[in-house]
Amino acid sequence: MASSVLEHDAPPGVPRLKGRGTPWRERFFRLSLWTSLAVGVIFLAGLLIYVVYEAWPRLDSRIWTNFPDIIDPTNAGAQSAIMGTIWVIAFTALYCLPTGILAAIYLEEYADPERWWNKLIEINIQNLAAVPSIVYGILGLGVISRGLGFGQTVLTASLTLSLLVLPIVIIASREAIRAVPQSIRQASLALGATQWQTIRLQVLPAAVPGMATGSILALSRAIGEAAPLLLLGGLTFITFNPTGVQSQFTVLPIQIFNWISQSRAEFVSLASAAIVILLVILLAMNSLAIWLRNRYARRW
Amino acid sequence: MSPTPSLEPDMPPPSDPPGGTRTPQVSYRQARPLAGAVFEVGGLSVFYGDHEAVRDVNLSIGHRQITAMIGPSGCGKSTVLRCFNRMNDLIPHARVAGKIHYHSEDLYGREVDPIEVRRRIGMVFQKPNPFPKSIYDNIAYGPRVGGFKGNLDDLVEETLTHAALWDEVKDKLKTSALALSGGQQQRLCIARTIAVQPEVILMDEPCSALDPIATAKIEDLMEKLAEEFTIIVVTHNMQQAARVSHRTAFFTADVDDKGERHGRLIEYDETSRIFSNPSDNRTEDYISGRFG
Amino acid sequence: MSVPQQRPRSASGSPGFLKRSQPRYGEKVIKVLLVAAALVSVLTTVGIVIALVPPTSDFFGEVGLGEFLTGTEWSALFNPPEFGVLPLVGATLLITLIALVVAVPLGLGAAIYLSEYASSRTRTVFKPVLEVLAGIPTVVYGFFALKAITPFLRDNWWFDQPPQIFNALSAGFVMGIMIIPTVASLSEDAMAAVPHALRDGAFALGSSRMQVSTRVVFPAALSGIVAAVVLGISRAIGETMIVAIAAGLRPQLSWNPLEGMQTMTAFIAAAGIGDVPVGSTGYKTIFAVGSLLFVMTLVMNLISIRLVRKYREVYE
């Protein structure tokens, strides 16, 4: 065989290219990297299994048809919290999406990044994205609820949450706008379109999928927030659905927190059932966002 | 470098030059006098921040002629081109000094609206950049944003016919322009530009991303369009400049002691003279491939 | 072409033919609108300052700054009140430290794996896992820490003293898992920004993948990685629900992670839930502690923003 001849007759002193196998340090390093990811996966799986297991006896229609009941947890439900979440998030979207998208358009299409005021806005947004949510609660309590006198209402909650997720909407929308190639803008302007025509007719249509993805993720963050709303005093037992922005309310995370704080065992399954509802909503939103992202992947 | 169009002083006799290597036969296009120039440029300098990218350019652009701007990379020819429809306005900290008159009107005058300028002076870019929309919508875009009130269907058909693209795309007007080949995309971009009915078309290396066959089609189209439009084309391809243009401007860059490059216009003349009997050594070196 | 429409625009015309043909007020109105939207973010910061500063300065009219910052007893809402914030700060730092011990190695390991080792198929599996981890509400994390992790630790404890029902360890561990996505995704961005030429150069010299990852990519991405960790610290300091649920509400200055303790955020939440009379000193402590929290996270955020800028400047 030719190959064996070559192998055996290699003159002495010529290096062979065959390795000595992967050294154990390489293997160990790779294994520990892999383990880091595995811990996250195992934790996630454990959390989901635990919650569903605990929730199992209560996973039926009672959770969304009945109202919270402190006396009789076996028949309690979370309807007022589910409806409250829908109300609060609808108005949060109404306030923060237009504001965030318009701010993103300004920063990407109009602002000169060298100007100090634009740099300030930029750093400000990056900082706001990392300000603890409970500090937004203090803002909601001190300025919106008491300062503006909006009280413990859907309006106060949705304004507070809008400000909380506004930086996320802005950052995601900016990325979507930035992904639209410069050549498209130039082509439009060279045809005599104005700047706003260019943005409205070329940039925004191309950026909509990215903006939608970012907006959905921002809203799902708002849905899961409890800390800022705790300060607004949404914790009292609310056993009715909101009827308007002036209405008192509770939301799912607050209701869950409330039930966790109870000592009787029935409340653990009740809280778990509400968590399952919350996670299903969030998972649906996340899947929609990921689907949108893949469906409208960039064409250029 | 493929054969340059003759360096012989006396061109173009249709026979081989005596005793030399065979060079392709070239018949240069006859330039008309520059009277009634579309653009008058005097002492034009362009700055990016503190850096003077182009220094002291003087030239006039003839009506319904093709003017080629050639020169090595970084010589500022595209920068000058972008002054003609104020696309440099869009680059932060870019500043233009000197005179650019368009039909005796100062292009950079205080009252002048860059949008209006761009509707009269269109531009085609280096890389084909059709909008991610249908072929029809690409053509209709300019007229629509300009407030066109007539029949768009007719305008689209006329424009595509004009750009010699109609027969290739008439059955797929509603399909995405991105499905076209590169050469077709670039001709669509040219068609899109003439749909606005400009007077001038600026072309920034329109064929540099295309293969030779597609390039030939674009050049044919340019010749055809020159009957009705004034065309200024920046090109790296000297054969292209020699083939299609009436006049040629040769740019190069000086490097100063700080290592910064400043584009200069070296020579501007009828294409036949630039390629057969340039008056500046640097032009001759460049077109003969000794430099650049 | 005989269609008159198709004729190019007539050249000159009257003087001033390049002027605006119609006024474009719309463009100006829109720009004003856009600027206003961008200013909302500035107003948010102004609002936070307005919410925090007046009650905080009132508070320091009643309680000395030195007493607040150096006192070791905290019982703001009881009689007699004590306003030493150190127990709250200590609990915050201890739980943050536990979280970092979990999140930094795991987050960096995940980032290096995703950036340097994973095939694109593995990435499409693992990236969504990190996204889902980041998307789980913190109230759920808190529930899991209190009802699953703590009982597990108490049932399987090898040493003599099992953790208390409320303890810093479970809260810190779960918080660490929570901030893995923050650390991992920012670090991965920084590593992805390292030019491929650097890696290729090292591979060409015969380096193994581990050597390239640890000796080339890691140092080159270091400022971004530090930024990721600092941002993780900021998130850990500011996290409320996990600690409010799982670490308990007893303010005490202790370094024993098996005991319950109250963090700054947990205090603010507890005070917000309880009916503290508006205008009382107890009510103002919410804002005083809030100010301290805001300043601490602000410093972290600014450091992180600065570092991210640094690596962007180098490679982009």
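Every chain is named by a letter (A, B and C) in the order it is written, and numbering of its residues begins at 1.
The criterion applied here is as follows: a residue touches a chain if its C-beta (ideal position, glycine included) is under 8 Å from a C-beta of that chain, and two chains touch if they have at least 3 such contacts.
This is a predicted model, so every value here is computed, not measured.
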Winner on C-beta contact pairs when B-C is weighed against A-C: A-C
From chain B, the most remote chain by mean C-alpha position: C
Centre distance in Å when chain A and chain B are each reduced to the mean of their C-alpha atoms: 49
Separation of mean Cα positions, chain C and chain B [Å, integer]: 52
Separation of mean Cα positions, chain C and chain A [Å, integer]: 13
For chain A, residues that touch 2 or more chains besides their own: 194
Chain B: positions in contact with at least two other chains: 115-116, 119
Multi-partner residues of chain C (each touching 2 or more other chains): 24
Chain C-facing residues of chain B, complex: 38, 63, 102-105, 107, 109, 111-113, 115-117, 119-120, 150, 154-155, 158-159, 162, 194, 197-199, 228-229
Interfacial residue positions of chain B with respect to chain A in the complex: 85, 87, 90, 92-93, 115-116, 118-119, 122-123, 125, 127, 129-132, 141-142, 145-146, 178, 189, 192-193, 196
Chain B-touching residues of chain C, taken from the complex the two chains share: 1, 3, 5-9, 11-12, 15-21, 24
Chain C residues touching chain A - in the complex, by the definition given at the top: 24, 26-27, 30-31, 33-42, 44-45, 47-48, 50-52, 55, 105-110, 112-114, 117, 126, 128-133, 135-144, 146-148, 177, 180, 208-210, 213-214, 231, 234-235, 237-241, 244-245, 265, 268-269, 272-273, 278, 286-287, 290, 293-294, 297-298, 300-302, 304-305
Contact set on chain A toward chain B in their complex: 112, 114, 181, 183-184, 186-194, 197, 201-202, 206, 299-300
